[in-house]
Each structure stands twice: as C-alpha cells, then as structure tokens.
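Right after this note come the structures.
What follows is a pair of complexes built around subunit A, which joins subunit B in one and subunit C in the other.
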Partner chain A sequence: MTNKQNPDTQQNVIGRSVPRVDAPHKATGKALYTADMKLPGMLYGKLLRSPVPHARILNIDVSKASSLPGVKDVIIGKDTPGIKYGNWRLFPQTQDEFPLAMEKVRFIGDEVAAVAAIDPDIAEEAVGLIRVDYEELPAVFSVDEALAPGAPLIHDEIEELEGNISIDRNIDVGDLEAAFARADLVLDDTFTLHAVSHAYLEPCAVLAQPDTEDRLTLWTSTQTPYIVQCLLASTLGLPENHVRVIKPHVGGGFGGKMELRPWDFCAAFMARRTGRPVKFVLSRTEELATGRRRHAIKIRSKVGFKKDGTLVAKDFEAYLDGGAYNSMGPTATFLCGNFGAMLYRYPAYRYRGYHVYTNNPPAGAMRGFGAPQAMYVSETQMNIAAKELDIDPIDLRLKNAMVTGDAIEGVTKISSAGFVESLQKVAEMSGWKEKHAAMPPNKGMGIGCYSFISGGVFNWFNTPYHFSACEVRAYDDGTVHLLTMASDIGQGSDTILRQILAQSLGISVENIRITSADTTMTPKADLGTWGSRVTLMNGNAILDAARKIKENLAQIVSLKFNLNVIHEIAFADGRVFAKLKPERGISFAEAVAMWVTANRGRELTVRGYYTPRDKGLTTPAYSFGAQVAEIAVDPDTGIVTVEKITTAHDCGTVINPMAVEGQLEGSIQMGLGYVLSEKFVMRDGKTLNTTFLDYKIPSAEDMPQIESCAIETYEPEGPYGAKEAGEGLAIPTAPAVAHAVFEATGYRCKELPITPEKILRATGKLME
Partner chain B sequence: MKPFNHTNATSIAEIKTALADGKTTLIAGGTDLLGTLKDNILRDYPANVINIKTVPGLDYIKEENGMLKIGATTRLADIAANETIQKKYTALAQAASRVASPHIREMGTIAGNIAQLHRCWYLRKPENRFDCKRKGGSTCFAMQGDNRYHSILGAEGGCLAVNSSDTAPALIALNAKIVTDSRTIDAEKFFEVKKPGNTVLEKDEIITEIQIPEPPKGAKSAFIKFAFRKSIDFPIVNCAVMIGGDNPRICLNAVAPRPYRAVKAEEAIKGKSITEENAAAAGEAAVAEVKSFPEAAMFKKQIAKTLVKRAILSLA
Partner chain C sequence: MNKEILLFVNDREQKIVTDPQRTLLEVLREDLKLTGTNFGCNEGLCGACTVLIDGEPNHSCMVRIGEVEYKWITTIEGLAKGEKLHPVQQAFLDEEAFQCGYCTPGMILNAVALLQKYPNPTDEQIIEWMNGNICRCNGYPKIISAIRRAVKLIKEDK
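After this line comes the complex of A and B, so read on.
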C-alpha cells in the first residue's frame, strides 16, 4: 500500500501503521470473548426453534422439560411481557419481532422457547423435551411466491399491511421517459442476487447478570450496545438505564450483530426470574441455519446510453427477500436505491424498492447494506454497455464518473470524490490498456467499482441523543482516558480513535487509556458499528472533546508565559507551547496539573459530540474506488482461479495504512466468497449447508495476489479528512471477477454466484 | 456433545474386548468421529470411546518383504511428507497431502481416513434430523432432495451418499491391502459393503496395518482432486491412477457410495502410449456407466473424465 508521506511523520500519528492495541491479546488467546466468561452460579441457556416454516402455535407443553433435574427455568412467549421490538423505532409498524414467538412461527429457526439449566447438556436435553403443537400454514420461499395473488400473509397481525410488502421506497429524479427517448442504447436486464452469510468467526453469545436492585448487566457480542440497551429495556418493561450493556471482544459482525436478539432477551429475562447469571452461546449450525444474512434481491435495471457512452437514464427496480421479519431490511431497501444512483451521473433516475416478507430466515444488514447487490448490477451493466458500444470499460466509466460537488437531487451530495483518480490509477497499476486488449485464452481481466457511505444520517432508531459521543479525561501524569460507546468489533476503532485523539492532543497513543462500548460508563450515545460510521462520527466527537481540552490548556500556557493574544498554541510531542516560540511551553502533564490547581482540584474532563447536520438524509461523506481482477478459468472443470486483485481507492485521509490494508484483504476474501463460492442451499425454507465444510467461504489458499493504492482526498467533514474504508471495499470484487469471467469464457453472470457448473454449462461443456 | 467414557488402550486385544459390548467406539485422530458425536448425527451414541493412538507400535512407515507397510495410526501428515512414499507410492503421498488442512492432517490417521463415514448433508445434518437409509432408516432423502454432490453411479443399499476418502482411491490404484486383527482384505474389497455402514469391517474388527506391494517395474502413480476450495474441502471428485506396469489401475472416489474402480478406463489405456487422445478416451470410458440424476451428474461426470485424463497425462 502506498501512502502519501507526511514530512513531519515523527510527530504524526495520523497516517502511521500503529499496531492494533488488541492484537497481542488476540494473537496469544488472552482476549476474552463472551463465550469465555463465567460467573458464579451461572446457568446455561438454549433455545427451542421452530422446525416448520409457517405455523400457528396451538399448544406448548414444557412440563417434562421443567421437571428435568438441573433445569432452572423454561420460558415461552406467553411468559414474557410480549412487547414487540425492531431497530426502526421511528416507524413503529416496522417493529415486527417478539423475543419468543407468540401466536405464530414464521421461519425454520424462529425462537419458540428457552431453557436455562445448570449445564449446557441438560439445557439441550430439556429443549428436546418441550412439545409444541403446530397448525402448519402455507409458506412462501421467494419474492415471487410471496407477491403472487392469494399468497399467505406472513404478518397478518400488522394492520397497516395489505400483502407481504413490508416497506417500499421510491426515488424519482428527472424526466425518465424523455431521457430514455434520447438513448441510443438501452439495456434491460434482470439480476438475481443471492443471500450469503456474514460468517463472522465468533458465533453470537450473551451473558446476563441480575443485581439486587432489579438492574441488569449484559455482556453480549454486539456491534450496537446502545441499541441492545434501549430495546432490551423496552421489551423487559424497564427504564433504559436499568440495563447496562457491555461489549467484550467481538469476533466480527459485518452487520449481523446490530440488533437486539432473542437470546439477549432470554438471558436477561431468565436471569431476572432465577436471580442467577444466564449465558447463551449459539452454535455455528444455528448461525448458518437461522442467522441473519445478506438480502437476496431480484433487480430489474434498465439503463440508457448515448452512442458516445454518456449515460442518460436508469430505471431500477428491486425486490428484496426480507425473510420472516424486517430486521434491517428497510435500510437495505432505502440504500439499494441510493446506491443504484451512485458512481455515475444519471440525468434521470427512478427507483422502486420493495421489501418483501417470505418464510425464509430473515435477512439483515450485511457489509455494504444493499450496495453489493445494487453495484453488482450497475457495474455489470457498465461492462455490458462498454462491449455493446465498443468503448473501453474504464473510459466509459471515466466519461460518467461522479466528481466532487455532484449531487443526486433530493438524495445526497458528494463532498469529496477521488473516483476519477482511482480509475486512472487502477488502470495504470494493472497495466489495463495493454493487458486487457491481449488476454491469452481462458484468462480474463475485469473491472468493478464502488462508492460507500461513511455512516448514515437518517435517524431510523429515533435516538434523542447525539449520534456519537465521548468523554475525555486528562490527568496530571500526562495520560488521558477516552470513554466512548463506540464499539470495536475487530475493525480496529479502539486503535483508530486513540490515534485521532493522540494526534489532536499531541500526545502518544500509549498514553491514552480507552473504555469503550459500555453503556453505563460512557456518555450517551453511539449508534454503533455499522454503515462504516465510527471513524467519521466518533472521530468527530473526539475532535470536539479534544478542542475543549485544548482551549483549557491553552489558557494555562498563555497565562504562564504571558503570551500575546495572537499566538497560536500548539500541541505536539507531549508538549503545549506557543507555535512560533516553541521554547515557551510546558509538558502536557504539567499543563494539566496547573489547570487542576488553577481550578482548585477539579478534574479536567470534557465531553465531545457529533451528529451530522445539514448533510441531507443519507451520509456526510462517500468513499470511492476501482478494482481490477485477473483470473484464469479451467475450461474443462470450470473452476476459476483469481490470480490478482488490484485496487485504487479513495478513503480520504488514511489514518492507519495497516488497518486499511486489513479491511481490503478481508473485503476481497468476502467478495470472492460472494461471487464464486458462497451460497445457502435452501429446500422449502430449510438450510441444508450448515457447516463451514458445506457453506464455502474461501480459504487462505484461495486468496489472490493483492496490490493496492490509496488515493488520498481530503474529506471536509471527516476527522483529519478521513472517510470510510470498511464496507465499500467489499463491493467491487464481485463485479470485477464476473467481468473477468465473461472475458475469459463469454459467460455473463446475472445470477450469482458463478459456479464451475454454470461456466461449463454456458461454454457447452455439459452437453450430453 | 453428550458425555462418554474415554479410555486410552494399550493393546489391540484390549480394544477388541471393549468393542465387543456394542456400546464402544474406537477413536483414532478423532477428526471424523468427534464431528459425528458433536453434531449427534447417528442413531446410537457410544457410551465409551477407546483410543487406539496409545497402543504402542502402530505408528510406522517401513519397507519390508517387497512391500510398504504403514501402521494404522500413522498420521496423514507423516505419509504426505515421507520421501519413499513420495517417490514410489506417489499417489498416496499426493492424496494424503490434499486431505483437509494441515491441522487435520496432523491429527487424522490413515485407518481413520479409509474408515470415515460418508458425506451427505442429510446424513450429517445435526441432531439426526434425517434418519436415513445409511443409518438403517427407510428413506434416502437425497433421492428426492438436493443431490448435487451425491452418487452419479447409482445407489448402494438405497443410499446415494458418497465415500469421500482421499486416500482410498490411491490405495486401490496402488493395489493395497488392509490388514486387520483377524484378516487381510484387498483395498477394493474393503468397501464392498452389503449392509449399512462404510466398510466390510465387523463391529469389533480393528485395522492394524496398510500394505502396498512395490509397484511393478516402470509403473508410476498419481492422484488428483477437484474441490471448490484449495484447502479444507472434500473432493467433488478425486482420482488415482497407476500406469506403466502390465495392468493399469484407475480409481475414482466421491462419485459413488464406494470408491469406483474405472475398469473400462483401465482397459482403454492398457498397452497404449500416454497421449492426449488416449488419455481422453480413457476419461470417456471412465464415465461410461454414469447414471440418471441429469443435473448433478452432468457436472460431476465432466469433472471425473477430466481428472482421469489429467491424472494419466501427468504420468507422461
């Protein structure tokens, strides 16, 4: 990874590959995850899940389970307060889940009952002793079935709904008909994008501990402690602040851990009933068979070009298979439409998005949130158009690429864009022009691009608090304590946020202690780790706090050296000094000590906040990038070997090159799984491949050679000019590989994933 | 996982006695067995598990009396790394090196590899969700269900699950023998089961050694495997060949409930020089008997014939 070197890197913490603060503990196995935790008297929980996709619950008999020795509690929906929840609090009719099924089950895996016992085996045995009588109902397993006339209503209890469409979204920009009339080439394609698993390494786990004053502490593997706190409190009928949520080390989330989940509720509820700590740890089989997943989406996209490649219009229609509940589906529905209009300038754009209930396991947020699907379509159509119009695919993109200052009317505005530069750079690095023109047989080279948000603005959670917050405490020994609800789930925010604070206070990262992701100990609020929001949003809250600390210390130094009011006070190398007369200054520690004395013993403690304001309703900032894939196809077996991936991307200022590189490598691995190997094998709502042997995430040996370059732009809204590098990078690999496969074989994939079998069928190798 | 008693055995006789009660299972590396227990996929759960790895003198690789002898508990990693095997019994070294992942090869034994249970997502669905034919039930769920990775050569006892051992076809191609505490069985015969189960082993029979005769003069062997991933992936199809002697031997696996000796392919290449054309003809001959199940079979058939062709060509 190349990186713009700053001349005074000595003092610069920004732009340096500061090692991850959690790395040694994780590498040596010392880091504690929820599953590692034990408390005295702890009980083990297990869930009973529905074996049928759609049914009315007639009767549940828990008597045998309850009387099994060692079982301390058994609960079913009727035992609970029966309060619905869901992340979209702003629209209560979208909150469609009960912690345990009440009247109906809606997918195979829907949680029906929970047991707490003195050991996990007894809990499991007890679950097997619960008898449930179901009246099976007709079920639907695809969007088409769910929308067919006479289809069973999956949420007949929600009065506002007439069919199985739970939410829709329209975008209309420009005069579509008139624009299409001007087109020389119109592509009209339907794509089928499939569901895939987050496949985070740590399955979900929770430990709940009751206390004597009717309060609760919850350790849970989550990306969003604040959301879990609020929704758990509301489903239990408790004041929000009776619930303390702590996020221990988390082994990845990728969007799959950003909601209150039934085991969170059951652990808490049974902990309160039994007065004992209760722990749940999900199995990989549960995760794969019933866990959240990326939305399967059917997209019809009509796009028009002039002969010279100029885009004129796009008509984009998306049907999301939401599964049995909304989860984060409404957001995916909104964003899919926004992302359909990104990257290029579409003078006219229409989006119709529908989130459809089916009896499949619910889909939720997953790395990219609607963008991988939308952009697989856009990018593939760009490549189809390039071929039809006989224009180089990169030139076609350059002609239409978004630049700084562009806007999508009523949707968003682009405050910084390094897209053109990314395209130019990736072409240069990969040797595109020469190589692409002369590929040997069975080899291919393809391109895919992306743009992604740096956090969302639309307040679907309806929080009254700031989107991000922090507290900074400065001490007289020169150390600083940063307290924030922001959650490091493995992406590295505990390190990055310290880098931002260290840079702004001019102290070293080692002198900053961090307490993060504990809802009681850190200021309200932080919406969590999703939408690639933490660096920008929490980074800005930290800058706000740092500014306040610096104002206070600047007073002290000005006073001590009787500095003229025009002096700028600098913070660097652990010192506070007059910028133009560095000898007039003192150490950071001394400055704090003097401030404390001057304030007669008060602690130097400040709060910083950030909420994006006046930034539209989508995001404060966009990343951009372009990726080239080089592949080889074995013509007799259809297997695709990805040989090299070259990326040029704009994530604004790179705060930590090593962390960005890690995101890129992980993204490529995930992108390869999406395009080539991962797929749920479903049969009547049942997931057949429920282990990592059958659900095929790429292995280390499947990884290609990787080269990349960061195109640094300066994002005015980002801390030190930074924007996202977390999710966007997961988008371009699929379209780039698909394009390369087309170039190698002539097979244009409109139904992911690309399997050897599909390639052999397309190339006529499977004719009898 | 449900509780069971674990004993470290010190002799084959001790294991034999223990297995006689019908409630005891033998464990070697445990890489297959523990998965079946953890997921609780079988009808019966063993009360006792007895460990063969602690029996002294079963972990060896040696050449003796014109044959290669491998002790039952020899680990796959050691077989893959053994120079004699790499040179003279190449297909076996190559097969062992392609099993699973480095960790599993360090744990998994050769006997466990050939005695492993079949792979089928119905058979292996946790909590014995599908009480299928191979477990003694009445239905093969793959017959109606998704059978894309199942047998393309018909069922065995009504079951479509495939044998996925990587070393089995290599041992058959190399004309190996499986020695147990009571008899010596041709590798090919070892899988000819008439009842539910994977091998002809009796419930209390223990593999003690694998014997491979020195390949005929001029004979060379090779193994290739097709899987979706480069590591930690079972074969969609694998293939071992030995040619150069008087009688070529070609064996495929993961295409049928037991390893499939491709006799027609052997006949096709017998006495012929190794050319692109002859190898391709042998490949076609290898899949001549592929049956029914059009969708899935077409793909695996294409892979199988390609592997046969390539394995032969690799020995040119």
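After this line comes the complex of A and C, so read on.
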C-alpha cells in the first residue's frame, strides 16, 4: 500500500542522527511538563488511599474535610457516576476499576476519596480529616494464596469469575507428549520473577480545565491520549468529543502511563463540579507505594532437547500476580506466552498463562510486559542446557535460532529476523570463544537474547478507528505540517516521525512542523505509545499520507511539463521532477502553490492511516538481538560488578542511530536494576521501600562499558524497513548477567533479583 | 510566620515575602515561575531539583528558603548568556544526553559545578560527582560523554 523503499530520493534523512526537535527546550528548562502548568483559580487535588489491603467500605464521613476553610470539593465513589473502566474494552468483564472505590477496597493505596483545595497543604490536611470505616476482609498476597481453595474472592462483583483468575491464555502447538518422548534431556524448572517499578523520573500529574459548553480539557502525563480521552469520557458519561486530552512533555513512561488513572478522573470530575481548574501531582512515595509495576510471575518451564542440542518441546506455565486490578495484565499474559515460544524453533509448545488477582498493588505494562519474564526463563534454561549437553551456549542458540519465514502456528509469523547474525556478531565483538572458555576466577561471561514486537495487532481497546493516523498539510512556502496523536514521551518519536515524512516527501526535516498528542488537533486515532508500536504503525500512516500528497503533486508536475504517463515523478532535495529528466521539475513549494491554484484555493491536506491486517495474532514485526555480559564478583561480599555489555541487535533499518543508542543504554540501566538492585519489599500487601533510598535504581557508577552493533535487516512491513528498538533491548541484560554470575560463582538464579546474600549462600560463605 | 527574604536568582535581585520554612524548590517553581527546575522525589534522592547556591550544587527540595537569604542562586534558566548556551548545555545537545529531559536541568547544573571545581575531571571524578543524579531514560553514558565534550568546549571558549 505504501512505497517503502522510496528509490526516488537521493537525500538521506533515514539513518541520520537528526537532533531531537525538543532538545533546546529541554536543555534550557523551557520544556513544560504537566506539573509546571498553572491556571488562574486553579485548585490542588489530593487523594485519600486505602490503608488496608482488602475491606468493605461501611461508611465515609467527609464532613470535617468539607468544612475546612479553603477546601472547595470533596468526592467519594458514591458522588461519581460509578462507571467501571479498563483498557481491555473488547472484553467488558475485564474492566474492573472504579475511579474511586465504591463498595470495596482491594489493595493498600486503592483510591477512596479526593479533595480539591486552594493550596496543596490544605488539600493534604483535608484528606487527613476524612473518616472511613472499613470492615476488613481476608486478603491474599501471592498467586499461591489467591488460588488456594477457599481463598477470598477479590472481585466477587464480577459474575463471570469463579475464582481469582481474571483471564487465561492457552497456546497449543504440535504434539507435546510425543515430542517430549523424543527428548534426551528434559529440564523442569520453576522461576520466580519479581515486581519492579518503572521509576519514570516525572511523577504522574494532571491538570483539568472545565470549558464552556460543558466540555473539558485535560493535560496529563500520559503515553496514550486517545485511551485517556475515551475512558475519561465514558466514566464521566460524556461524549468522547467533549473531552480534549493534551500531552505536554512527559518525563518518561516505560508503560506506566498508558491508562486512565483515578487522578485524571478526579481532576476532571471536580473541575466540572467546581467550575475551576484542578491539578494533581503525585509524590514519589505514592508512585512507589501504590503505582503500577512490572508483573511478578511464577513460571514453570519444562523444555526438552536432543543430545545434539535440537529443541524438541516446551511446556510453559505462567502465573502472573496481577494485584488488585487487571490493568494491562491480560496483555502481559498473552505476551508471556508468545515470548515463551520465541527466539527458537519449538516443534511442540504448550502455554498456560493465568492472570491472578491478589491484594497487592496492581501490576501493569512495563517495558516488554510479560516478555522479559518469559525470556529470562527461556534464556536461563538455554544456558542450563548448554552446560548439561556440553555445547557452547551460543552454538546451542545458533542451532535452534528462528530465521525469517519461521512461524508459531496459529500465533505469529516472522517476516524478518537478524537473530543468527546478531549471535554471530556478538560472539565476534565480545571475543566469546576465547574469553568465555578462559575466564579468571570470580569473573564470568554470560549471554542473553531477546525478541520483541513492533506494536500489537490484537484490538483489545476495541477501537473502531485505524490503529494509527496522521494528517499532513503541505503549504505553498514549502513547509509541511504533520499532525499525529503519536506520543513522544522522551523516546523521540516527534523527531523520528518527521524523519520518515521528510524522507518520503524529499524535503528537509527543518521544513516539517509537528503537532502531536492533542486529541482535538490530531486525527482519530492513534493508540499511543506502548508495545513499541509508534515507529512502525505511525510511520506507516505517515507513508500513506505522503503517498497521497505525492500523487497530487505528481499530477501537477506532469501537466506542467507535459510528461507522459511512463515518467516516474521523483521527490528529492526539495524538488518534484521527472526522474529521468531532472531538469523538468519545480520546487516542492511551487508544486504545492500550483496545486492550490489548480484546485481553486483548496488546501493540500491529506490523512494517512495504518492498521495491521492479517498479521497473525501478535505483531507485524519482531526485533531480535543478543547480548553478552562480563562481570566480576567479590567472593567475600558477593557484590557483582558488571564490567562490560556487548550487544548486537536487529531493529530493521535504523532511522536515527543516536536515538537507538539512547534506547540501548537506557535499557541496560533498567536491565541492571531488574537483575541486581531493584526489588519491592512487601509485607502483607504493603510496600515498605517507598523512596529512592531503599528502592535502588542504578546510578552512573553502576554502568558498565557498553559496545553495540546494529544488524540491519529490512523489515517488509516497517517504514523504510524499520522495526522496534525501545523495549526488546531491556530484556537480555538480566539473563546475560545471571549467566555470567553462574559462570563466576556456580550460583544459578531462579529467583530474581540476584543479591550478594544469595550469592554468598550459594558459595557457602553465608550459612542459613 | 512570613518574612521578607532577599536573594539573587540568575543575577537578579528578588525580594520575597514568605514562610522561611518553604523549600527553595517550591519558591522557584511557584513564586518565581522558574519551572525548569524539576522534582523527582522531594526528598533529596534524585537530583532533578539541583540548583547552584553560591556556585555549589544543592538539592533545592532540601533547602529552606530562609537558609538562602542573600545568596546567589543559579537555575537552568540562568545559564545561557542571551542566545548563547552555556557550554555544558551545548554539550548536552551535541551528545543528545537526554530523552525525556526531566533529569536534564539538574544534570546540567551539577555538571557546571563539577567543571568549575575540576576543569579537567577524570572519568572517575565525573562519575563520582554525578552519581546522585538519577536518569531513568538514558543510562548515563551520553551524559558522561557530554561532560567530557563540555570540558573541550569550555577551553575553546576561552
């Protein structure tokens, strides 16, 4: 449908480190984040959260809070329309959240009431004056407890549910029993993967302004303005079009900002009640204690190999601790199963995935949701098998690696894969063969690999619109305006999307202005930034729009120069011309001007769309990669130092090398936190470490030396051959480091994170 | 109890009547509308709110406004000289040392202070100095290279 290769153009905007559009504002403090905004008459909102993990609400008394001077509004669940919401609109029974608790609270931190006051201190004080009587109910804090016979039902109000499993997912490929019967080696391991925080540096914030005519504008720190618009409208009982959602600059998201959240609703609802703007800014403690997190998952994986290393079968069972609500858990349950079967060819594969309610804070989407956990397990088992079978871990992978054209029956197809090349390259760059065999004592070298989706094809949001859309307006001064709901949350999509459009129209990036992520300005719709979908999906929508612009302008130029139909019209260097007779052409600006005249004053404005159709159940395209970690362990303290990380990865065509590098380095940081330092300390559903002092994010001194190489494949479904580079890279560091730790110490980690204590116990330096 | 406090912010005298217990961060953002100084934790643990007080880097979320009477405060808004960016800002742009940019003002100011103290820092000095500033997006290597580049830019400037 779109011209992918664009052979017309000589210039090269693709593959260039075009600086970010917003960079100067960010370096000078001018970039506006939601919390920076202030409106006349603005009120400050605060939330009252449940102090208990599971309870029935008997009574709420807000009288003291309401009469505190300066308080303008206090709301509880009963004041609201009481409409449930959730991202998985396709299955209404999965929409299990109320903006404010109605009958019950289900985790410590569940939102119970909200206050709006003339200053934040008064709002805080008022929150403290609200009295809630709870009737505490038995609570469960692990998947095992939640699934035990007689366990309390967390969502007893959802009729379709019998227990605490909110959604399940099965995959069955091939004859599992027969396949295992052929295996020479069968591994059967259980892994415990833990929850971690997105820890985006900007805490969530929202500002709602009531409009004239009963409408509403919301500025919110989100990855998904369209999702917020739809769900906010439905919970308020308003038409979607009456809600305008604008995304200001966002200080990171990593999956944690892709839903309607209670503060969005409360700001909007109280703004309408008071007629004044209302702002909420969360604290770091609220974020860490009650915010979304990566799913803790218990995975049992049984995998069979032939003596020569050939994989024969895998039986993969995952129990996701979803916490109190579904959030993006159903997607994580799907992806976990999908990625259990990725990277290698499994002739037989069985997946049973269960998303389980507990009274822990809800988990949500976090960079790779479901995939990092699945691939930690798969990659660790590959390393165990390599040892058992006495085969080099990279050779074992090469033997089973997926290649272009492979498929998981009924689930997905691989349209491009640079996995084999990534493995070979990372082996070469890291000097694997020589070094791995001869590591000095207390040093280790390990490998981990990954694959990830470039956007999902499953329409869980049940959008009636295209998955991605954009509008392109071309003007007679040679400039172009791109409008899109794709959301730049720091990853740089505003820049990348301009590059794609510039390349396609043969004009310079500087001539493209972008307006993004404002639901009244940009066409419906775009599902936003998650699942590494923006480059591929919005990029394709842009190519569609560019094609339409070019059709229009090509006609004009053909007419002017009397070119017959066999002439191809090229767009390059700001000109529109006959490809084989470049002198027959005019500037892009002139072509637009002529088009406008020829069309009696109409504007040259087009819309482009993209929806993945007939692309299996998962994604149009997969990234791949392999990473080697080199570490040292202090035998006395058990402290792990990661010395070097080498990565070779296939993200298709690299559109902006600097942006890809940034993603890689950030991913390594997050991966190191996941495997070595980050962990929630929980007691009976309460998060005990709620500051950055004891929730330890890697800092500058924790970073290893980093080397990387992009293996460029050409993805037929991607714009200019591109696919994702934002999430998959966050996956391999954990298994690679864990493998290196095993090589150095003999400690095989099946329960993340790796701590000095666990290492010392395993090496006999610390007794029980 | 409110008090009149005189201080100098980005080379301009400011007279503020306020509760001396309020944080410098809050006064900068709310009263002086200097929202370039961000906050990630409000408890001195992330560095996003770093400003210079008499040239020394400080977490403005941990400083009471009453403590900075008569002091010179530099925020991200005060670094550029007219159109010309401070070399550290320029270096952050050249190396693209940020993604979401939320940590950036604090990073830049802390780096400015580092280079005032050590004009030729070793990598170890850079890392040690910058260690209190968290960046969740970029994983630090580009920030470190930006500081190395800034060293050069400052020399060329002279």
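Everything below uses one rule, namely that the second predicted complex is superposed on the first by the 757 of 768 C-alpha atoms of A that agree within 3 Å, B and C clash if a C-alpha of one lies under 4 Å from a C-alpha of the other, contacts with A are read in each partner's own complex, and residues count from 1 in each chain.
The rule is simple: a residue touches a chain if its C-beta (ideal position, glycine included) is under 8 Å from a C-beta of that chain, and two chains touch if they have at least 3 such contacts.
Predicted, not measured: the structure shown is a model, and the values here were computed from it.
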Request  = Please indicate which partner A:Met670 is in contact with in the superposed arrangement: first for subunit B, second for subunit C, both, or neither.
outcome  = second
Key: First (subunit B), second (subunit C), both or neither touched by A:Leu766   = first
Query = Who touches more of subunit A, subunit B or subunit C?
reply = C
Query = Looking at the overlay, does A:Tyr714 come into contact with subunit B only (first), subunit C only (second), both, or neither?
reply = neither
Query = Looking at the overlay, what does A:Ala700 touch: subunit B (first), subunit C (second), both, or neither?
reply = both
Ask   = Taking the superposition as given, does A:Lys30 touch the first partner, subunit B, the second, subunit C, both, or neither?
value = second
Note = Note: overlapping subunit A surface for subunit B and subunit C spans 691-693, 699-701
Ask   = If you look only at subunit C, which of its residues touch subunit A in the complex?
value = 29, 34-43, 45-46, 48, 75-77, 79-80, 85, 89, 92-93, 96, 98-105, 108, 126-128, 130-144
Query = In the complex of these two chains, what residues of subunit A are touching subunit B?
reply = 121, 285, 636-637, 639, 677, 681, 683, 688-694, 696, 698-702, 756-757, 760, 765-766, 768
Message = Can you tell me which positions in subunit B touch subunit A when the two form their complex?
response = 1-3, 39, 101, 121-122, 124-126, 145-146, 226, 228-234, 298-299, 302-303, 306
Key: Residue numbers on subunit A that touch subunit C, as the complex places them   = 17, 19-20, 22-33, 35-36, 198-203, 249-252, 254, 283-284, 489-492, 658-659, 661-662, 664-670, 691-693, 697, 699-701, 703, 706
